[in-house]
Structures are given as C-alpha cells and as structure tokens.
Amino acid sequence: MSGKLSVRNVAIAVLLLALVLLPVYVELGGSRFLLTLFTRILILAMAAVSLNLILGYGGMMSFGHAAYLGIGGYAVGMLAHEGVFSGFVQWPVALFASALFALVIGALSLRTRGVYFIMITLAFAQMAYYIVAGLARYGGDDGLTIYKRSQFISPINLSNKVQFYYICLAVLIGSIYLVWRIVNSRFGLTIQGARSNDTRMRAIGFPTYRYKLVCFVIAGTMCGLAGALLANHTDFVSPATMYWTRSGDLIIMVVLGGMGSAFGPFFGAVALLVLEEVLSGITEYWQIILGPLLLLVVLFARGGIDGLLGKVRHRVSHG
Amino acid sequence: MADLLRVDTLTKRFGGIVATDDLVFNIAEGELHAVIGPNGAGKTTLIAQLSGQLPPDSGRIHFAGSDITAIPMYARSALGLARSFQITSLFLDLSVLDNVALAVQAHAGHSFHFWRNARREAELRDPARVALARVGLGARADLPASALSHGEHRQLELAMALASSPRMLLLDEPMAGLGPEESARMVATLRELKKELTILLVEHDMEAVFALADRITVLVYGRVIATGKPEDIRNNAQVRDAYLGEQEAAHG
Amino acid sequence: MTLFIEQCLNGLQFGLLLFLLAAGLTLVFGIMDLVNLAHGSLYMMGAYFAATFVAWTGNFVFGVVLALGATLLVGMAVEVIAMRRLYGRDHLDHVLGTFGLILFFDELVRLIWGPEGLTLPLPSWLNTSIQILPGVDYSAYKLSIIVVTLAVAAFLYVLVMRTRIGMLIRAGASNREMVGALGVNIKLLYTLVFGLGAALAGLAGLMQAPILTVQVGMGENILILAFVITVIGGIGSIRGALVAAIFVGFIDTLGRAFFPDLLRMAFTKEVAATAAPALSSMLIYLLMAIVLVVKPEGLFAASDK
C-alpha cells in the first residue's frame, strides 16, 4: 500500500467511516432499510474477500464459491431446526463443514487446470446444491426458516439489528486484515508465485499443489463463516444461495472491485449491490443493463474499481 | 582438483532417436566447463537429465561424491545443483527482487508461514539482493520483472539460479538472444562467478565459450567426440570437420 | 422389463440431446479456445423461438426450421458483436463476459416473453406411440429425437473428418497461426464455427421444448451437465463428448428411475425417500470425480491442451 494520502486510501477511509456511522444515521431518521441492505453488503463483501484470496491472488478460478455460503448457512439452519441454537456449536460446525468440503473438492479439482478447473468447481458446487435441495427434512427446494438466531452469551444479541450490523462489520474488517497478512506472508508469496508461473515454482522447488489446497481451504472456511452470518441475517436459508449463478455474482464483485488488493472485493460488493438496488428501482429488467455492463468492464476496465482509483492517483500526482 | 560432477555412460532415447549416447564426462570442481555442439547434439537433453527434469534410460550421475540419478528435480537444487532456463520463465507480474527472493525462499524450509511479512524478512531479501548485485541488476530490484529488457531477463534467470547458493550452475544458453553489449556484460558476470562456483555452460556463442572455458567438451549426436583445453579443441581436426567449420563460416 | 427398456431409451435420448449441447461447447472451445457460458442461453433461445414460430405459423416443422435459422443468426450476431473481442484473452475474461451475456439474455427473454414460460405442444402425428418391440410402446417424438440427433452426429462426423472445412476445423484446433497463414479467412471460419455451435444448442433446446417447459433459466440448469460431459469426454473431442454424453444420459435417467428402488431394498422407506433424490443427482458428479482422479484431461483428450 503506497502513499498514505493516495486517492485510494482516502476512498477506503471515507467508506469505512460512512459504514461505521450508518446506524447512527439510521437512528437519526434514516431509512431502516439501509441498515438491512448494508448488513447484507457487509456479509457478501466478506464472501468476496475470501474468494479473492484464491481467485485474485491464487489465480484459481473457482466457480463454486457460493457453495460455502450455503454450507455455513445450512449448518446454522439445520442445527437450529434440531433445537441447537448455541452459536458456540453452530458456528464451529459451519466452519468445519466448509473446511471439509473445501478440502475434498479442492483435492480433486486442483488436479486440473484452467477451464477444467472452472468447470469442475462449478459442477461440484451444483452437486452440493442438489444434495441440499433433496433434503426434504430441511425444507428441500423451499428452504428452511430459522426461528431463532445463533445464541451467544449476553450482552451479545444477534437479533438486535444494530449490534448484528457492527458484528458483521467487525468480522469483515477482520477478514480483510487476515487476508492482507496472509498474502504478504511466505505462504502468500508462494500462492502468488504459483499464480504467476506454476511450472517455474515447481522447478525452483515448491510443491505447489499442497499450498494451493491449503489456500483453497482457508478461503472456503472464511466463506462458510459468511454463510453463517447470512443465515442469521435473513433468518432463512435455501438451496438458491448455492446455485452456481450466485458464485458468478461473487466473481463479479471481485473483478468489479479489483483483484489486486485485499480491499478490492469490498468496493466490488458495495458497487454491485448498490447498483442492483438503484437499477432495480429504475426498471424491473435491470439485469439487461448489468449484463452488457459486465462485459464492458471485462473488456475495458479489467483492474476494476481499485484499478481505476489507482489510475486517478497516477494522473493526480503527475498532472 | 576433485571431480564435482561425474557422468557415467548416460543414455537417453526418444523413440528411435538416441539423444544421449553412452555419455561419459567429468567436471572438476572450480572449473568452467563448456559443452558445445551442433543443433540436435543433445545439449539441452543433457542439462535436463543433470537437473532432474528428465530421467535417463541408463547410466548414473554423481554429484559431490553421491549418486543423484534418482533424486527428483526440486531436491537437486537443495544439494547445490542449480539451473537456469534456455527459455525465460519468470514471475513477470512480481518485482525483480520478489523473483529472486522466491528462489531463496524455496530453500529456506517450508512456506507455511501465514503472518510475517515475507518482503521484510532479511533472511530472504538479503541473499536475493546479493544475487542481483552479482549479476548487475541491483539497481533494478524494485521494478516489475515485466519492465526488464530481454537481456536483463537473462541476467535475472542467472540471479535466480544463484539465489539458492549453489555449488554448481547448469547454464543453458544464457547468451540466447543477447546483443553484443549485453553479451559482453554476461561474459564479464560469468568471469566473476567462475571464481566461486563450478559452472557447466552450454552455449552457441563461440567467442564467449573460448573466452571463459577452462575445458570444452564437444557433443555430436549425443556422444562426446572431444574433451580438452580450448586451444586443443580449436586445433582438433575432427571437431573442426564436425562442428567448428560450420560455426566459423556462419559467423564470418 | 418394459419399464427398463423405456428408461434405457429415455437415457439414450437424453444423452444424445446432451451430446448436441456438449458438442457445440467443446467445438467452440477446441477451435477458438473460448469458454462460452452463454451456450445455455442459445439453447433457451432455440426453445423460445420454436414455441413462438410454431404458434405463429401453425406448422410444427416449419416453425422448428425457422427457429433453428433464427438461433443460428443470433449466434453469429453474438459472435461478431461480443465474442470476437474475447479471443486470445484469459479464460477468466471469457467466463465473466459470457456470464454477463447470460444475465442479458435471461432478462431479454423475460422482457419479451414474460416470466411465466411457454409450452410447445406436439402436432398429432408426433404425439403418438410406436410399438418398437412386442408389448413395448415408446413415444414417437422421443424416437424421432434419437433419430435426428444420431443423424446430426453422423453429419458432424462427416463434416469434421471428411470435408475441407472439417480439416480446417481440426487444423484450427491444433494450430491457429498456421491456419491463418494458409490464407484462410479465420474470422469467417470462427463465425461459422460459433454459428454451428449455436445451431446445435438451439436444436437441443427446441427438441427438448415439447418435453419440458420452456422457461427462463432452462439453459443454466442444463449447461452444467454439458460442462460435466465436456470434462469427462475431454475438451475438444467430439467423439469424447458423444461417449460421455450417452454415458451420462444413461446414468442420470436410470439412476433417477431405479436408484430409489434400490435404496428402498437396502434401507427403510424414510431413509430412501430422503436420500434418493439427492443421491441420484449426485451420481453424475461422482462419475466426474472418478474420471478426474483417474484421468484429469478427460477420457478422449483431443489436442495438446
């Protein structure tokens, strides 16, 4: 992160400040809906940040990342359905299940490269979708309502919307920090080297497969936590969360925000979800605009928002 | 001087083609030994077998007294045998220093460290800077590798091979694609390195070979047809007929 | 026993339909190195066009032919407008760009035809059963699907193996620069290949239309299966796609039909009822996982990819 006062860093600071102050604004008469919207944005931003670890830094194009949102969510939902409401049980199970799924899927998928890898991860995520949709006991296709949010010891109360918002914000910041530390560590440089030139990495002595697998598991686990949060947020969980097009949404967030930094996906999530809200207010058929817009971003603004901010800085300091 | 590398009746076939034919040769510690030969002589195949990229069909390779024939590629660099590549293969989107530091990191234990900033680890960055300085790229350390010229890429290749603190370097055509100025620089660098390392140099650039080599081995169709001091090789009639004649005609 | 034969035929029919879809996908990837997620959208367009044109013209065959033509045109238009700019780029760019196209097409269809979906009724002469074996009746329409797709498969074989264009296609798969250097109009070749892929997808869509409902999102559901088949068969290999598709068609259909019964024999009714649908869906992915473990490049990996 270069230059303390760069446009990009200022943008991040402003955004963070705005997010911290949002509940205050809502309390002072702003729309309650904003709180709900932004809680959702925070959770999905966390999912996108976890995806960026393997996608942006690791070069592993997983098209099945939304599966972990579902796995984490269903861990909470299923346990709640069986009468286990303690977050101290639900959340570790969510993390463990996600990690296990990532381990198995990753071990198989990482044997392939490029477009095969894309297709495999997509297919495995769909498998998870179908399995869950077939579980009649837990709602099947219709989904499962969660009547009581994860219980922790008081004063923590997830049903308190403001408290829940700040918890999500804290977890998000924590994840971004964690990802940032990981990518700059020896492990992170190994992953980045493997993305840059896997053959060379193996030639100089790195057994890249195991590093990529561990990275895959970390990302999946992180997203599982996001899934647990999401289930609490919506008080509901359904297979639709895991449908492969939702994985596509996550990828869009990452690319739109910028894959080169830990913060990028955060911008992407905010941008995409706010854009969705705004556009759907204009027309019911807003995806007709989003679709081609995405294509244009891919063709002309590949660095995403992060990249654009970086360019602004460049122009400013050389202007 | 004891032999650091001993190659014992090495053979490699690709279908009907014998790329390495019962090859026998030795490299003494501290010498710069050049391997020359016409295209198709099996030079790159030889390096591939020495570095562990290709397994030989028969024969043995001894390095520093041990038989390394069965040892896999990534383990050979741990033993002190490093190699540069004929076709540049770098981490173009990382910085020059990052490239070399990764080569250092590969031999600094496992990399399952998740917290410390690896770019601040002196254990990794210092040897990397030293290697870069030795090849003359010290000033370019913080640039992205993609910003370097082709000649500088060859230098970076060399730096990465050096980063593992090898005892012996296998250099596969380090001059490939270099202009006269860059070649001269590379020759100067190699002359410096010669003082501390044993080097096996595969090259087509005859000026460089004769300027640097302590001994030369001539390879034709996977076989050694002559080994000896540069003057002896230059005057060897067999070698002339098979190879040097064409070369001199080509270089005018 | 009749049920078994019927299900086998269903499996064959489904498999052959999947082959049409997978063939287009693998062809485009093999020749142009393009990952096209919007392939399913072309499948959907074929179905929607067919339902619409048949309703307009009142004639099944005529409507279907029009639909095929329309899908071909849409495919070529997409190639010229969007795909061209993606060639040579990272696969991630392909995935994102074509994903954007999926969103676009889904919404466009919803805009033009509404969210409810359409139906495509069969004309009376197809809506009968034929006795293929003593005591075994099978839908005439499904039989015609089998016949048509086999004919298309044969056509593809002849096209790719025996014609000059096919030679160019195969050459393109192995060496793009050479084909360009030969003076062949690469741009035109690519447009035609993409168009062919679109036509295959559209054909699959319109043939499937009378059997399943025509609705938004139908492409996404079946695209996954096409991907799985491409992986199992090996990217770039039409032969691989055929074998894998038939195999997958059988496993999926027979699995769904008989697996619940098998489970019921071994476990309690409740367990079987719960697990069966989930496990049946899983079978294909299990198959893919096995292939991946044994032969990561696919069973019939074509070129050096």
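Just so it is clear, A, B and C label the chains in written order, and each chain counts residues from 1 on its own.
Keep in mind that, in the parts below, a residue touches a chain if its C-beta (ideal position, glycine included) is under 8 Å from a C-beta of that chain, and two chains touch if they have at least 3 such contacts.
Only a predicted model underlies this, so the values are computations on that prediction, with no experimental measurement involved.
*Asks:* Of the other chains, whose C-alpha centre is the longest way from the centre of chain C?
*Replies:* With centres defined by C-alpha atoms, farthest from chain C sits B.
*Asks:* Kindly work out which chain lies most centrally, taking the average of its C-alpha atoms as its position.
*Replies:* A
*Asks:* In angstrom, rounded to a whole number, how far apart do the mean CA points of chain A and chain B lie?
*Replies:* Averaging C-alpha atoms per chain gives centres 45 Å apart.
*Asks:* Using CA atom averages as chain centres, what separation in Å is found between chain A and chain C?
*Replies:* Spacing between the chain centres: roughly 31 Å.
*Asks:* Roughly how many whole angstrom separate the Cα centroids of chain B and chain C?
*Replies:* Averaging C-alpha atoms per chain gives centres 51 Å apart.
*Asks:* What are the residues of chain B that contact at least two other chains?
*Replies:* If we look for residues of chain B contacting two or more partner chains, we find none.
*Asks:* Tell me, which parts of chain A touch chain C in their complex?
*Replies:* 55, 61, 63, 108-109, 111-112, 114-116, 118-120, 122-124, 126-127, 130-137, 244-245, 248, 251-252, 255, 285-288, 290-295, 297-299, 302
*Asks:* For chain B, which residues count as touching chain A in their complex?
*Replies:* Per the touch definition, chain B meets chain A at residues 53, 73-75, 77-78, 85, 89-94, 98, 101-103, 105-107, 111-119, 121, 124, 160, 164.
*Asks:* Under the definition above, what is the set of chain A residues touching chain B in their complex?
*Replies:* 181-182, 184-190, 192-193, 196-197, 199-207, 211, 214
*Asks:* Can you list the chain C residues touching chain A in their complex?
*Replies:* 29, 35, 82, 85-86, 91-93, 95-97, 99-108, 110-111, 220, 224, 227-228, 230-231, 235, 273-279, 281-282, 285, 288-289, 292-293, 296-298
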